[in-house]
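Each of the two complexes below includes chain A, the first together with chain B, the second together with chain C.
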Partner chain A sequence: MRLLLVVALLLSWGPVMAMPSIEIIIRNHLFYPSELTIAADTKVKLIIVNQDASAEEFESYELNREKVIPGHSKGIVFVGPLAPGTYPFFGEFFPKTAQGHIIVK
Partner chain B sequence: MWHGRKVLSDMKKIIVGLLIWPFIAVADGGSVDKVYHPYVQPLETEIEWRVLSVGNEQLYRLGIGQALSDNVFIEAYYITNKGHAVAEKEAYELELKWQLTEQSEYEVDWGILFELEKVQHEGVWELSTALLMEKEWGKWVTAVNTHLIVEWGNDIETEIETSLAIQAKYRYAAHFEPAIEFYSAESGQAIGPVVMGDIRLGQAKKLHWEIGSIFGLGYKGPDNTWRFLMEYEF
Partner chain C sequence: MLINSVIIVLREVLEAALIVSILLAQGQVLSLPRVYFMLPVMVGAILAVVYASNIVAVSALMGGIGQEIVNTVLHGLIVICTMVLIGAIKKPQAKLIIIIAGAGCLATAMVRELAEIIIYINGFASVPSLLSSVLAGSFIGAGIGFSIGVFFYYLIVGMRPINGLRLSLVMLSLICAGMVSQAIQFLMQADLIPSHAPLWDTSAWVSEHSIIGQLLFALVGYEATPTATQATGYGLALLLAFILAIQKPRCDDVARPKGVK
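Showing the complex of A and B:
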């Protein structure tokens, strides 16, 4: 049983192939695009490029993700596989302006 | 290419060792503490206060931490205990957490934790290496920590110990998340409920709290350990 657990964990250490990716730009404390549509039950790589000089944090409790992206740099966030629905996200450093959502169909 | 395969092979051997070790040997230190998650937030600073309470004895830990990069976080702790049955001791600890994979990049998220502790005025050193694993199952998140610990010094017999900590958390709401935690060490096994949550305190500032009551299993170790944790992240 213990050996099976170890083997299962080791086998899980493999790269995910052919994953769709979407680029999100942070500019003037706004997300571009602020609305994304992705397929249900599919893992997606979000490449978040912060063009502002100040840091921003991509955060979503619904997605169970938080990622600080320093100014003039980029961060990677993997989301999914998700059930159909709408998943909001926001920028924790500028929450009044930096808002968006992911629609899963 | 061959070198890369050898490195991967060596890493897998280390991981297998760290995974198996808690099942074949256990640590003599207290088992209940904190379950670590394998993530680092760049630019983050943190002040942490942790208490473990067993009967009339308490172990306090005050730490300050800072992210050094997007995947390395370092934290320094001052540790002291109080209680009627124990002599007061002080210790210092330096901790380094290294995030190895992005969250959900692979089926399991991976990190490594290094801890170096020195008891003040005594020749007692402790070095711990832990493999941190986390897996999301919908609303449930499971975290597993396997520690390999070496103790040495003039005032302690050199020995190798291990411990295991597992947390299964239900993501009910950001401000309230119930969990079950299991700990295993030479002092025994323990299991119990924990609740935790985040309180937002303004722009990119939050307070993370955890409270747990962990019950000893079997004849070894304390019958019950209360654990409290507060982290101010900014």
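Showing the complex of A and C:
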């Protein structure tokens, strides 16, 4: 039984450990980088670091993702696996400046 | 910034205003004292301030997915309370259950929606040049949201009681199904359940960016690109709500709520 549990844990952690992660910085209400390229059919961990004092909401209708990133803090958002294409994202609190997109190839 | 504030606050207020107005109208139809509904709104508002004040700590929980966990729990509580309410609404002896479920639903909805507004406005405290337009936009958005809530309140209480209850149950069921879809989205975002490609894409017809899209989101949980898991969850929640709503009261339910024939 214990062996089964260990195997199940290893199997469940395997993909997480291998998952690529990308850091996105929010500074002066802009995303850096504003263009990301990821592989198709791959799950990716986005680490969003908000260096501004004000909060921002990372949002993407195309990715079905929304998350508030408080000022001077970071948040994690998992995206994918995705089909090839372009997926825009934006900062809902500062949508005119905070814009970016993920290119899936 | 003004227009953006209007849209953001309107979206959040609208969801809460709809739930509050529907439950207040149900209370009116069932002749329940308003204090049972106003008290949880106030408790929810206080808890929203607590949640918003601790958003940094909450976000960092469980390796950075604390926000998703809390939001899923809040949506889950709203769904449970709503389902209990739908199942109990026709049973006169279940008055206490109706009050408790309604109170739970109201308090949780307030925490969820108000916390985001507080975080949003508070974020501009450090940007004085934008604060006035953000506040103005927030007041306008809140005003529009409340007005729509008031409209649905009077629509429901102005109908024959049985029709008012039916409409409120349909609206609650749709909001509830939307909450299930949102909870599933949070779980996918936190990588706690597998994420898949969208089942369909209706964004060309009704974009989620648009005002109509935002209204539909609040009213029926509209999602332009739902995954199969979200669509299934939505459908199952609607089905469960329908089954609970059409349940006939037992034979010993002799009395009916005042005004309901």
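One rule holds for everything that comes next: the second predicted complex is superposed on the first by the 90 of 105 C-alpha atoms of A that agree within 3 Å, B and C clash if a C-alpha of one lies under 4 Å from a C-alpha of the other, contacts with A are read in each partner's own complex, and residues count from 1 in each chain.
The working rule: a contact is a pair of C-beta atoms (placed from the backbone, for glycine too) under 8 Å apart; a residue touches a chain by one contact, two chains touch by 3 or more.
This structure is a prediction, so every number in the text was calculated from the model and none was measured.
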item	value
Contacts of A:55 with chain B and chain C, given as first, second, both or neither	both
Partner chain(s) touched by A:76 [first = chain B, second = chain C, both, neither]	both
Common interface residues of chain A - those touching chain B in one complex and chain C in the other	16, 43, 55, 57, 61, 64-70, 75-80, 92-93, 95
Sites on chain A touched by chain C in the complex	16, 43, 45, 47, 53-57, 61-62, 64-71, 73-83, 92-93, 95-96
In the complex, chain C residues that touch chain A	4, 8, 55-56, 59-60, 63-65, 67-68, 116, 119-120, 122-124, 126-127, 185, 188-191, 195-198, 203, 207-209, 223-227, 230
Of chain A, residues touching chain B in the complex	2, 5-6, 9-10, 12-16, 43, 55, 57, 61, 64-70, 75-80, 92-95
For the chain B and chain A complex, residues of the former touching the latter	12, 15-16, 19-20, 23, 41-44, 70, 102-108, 110, 133, 136, 141, 171, 173-174, 203-204
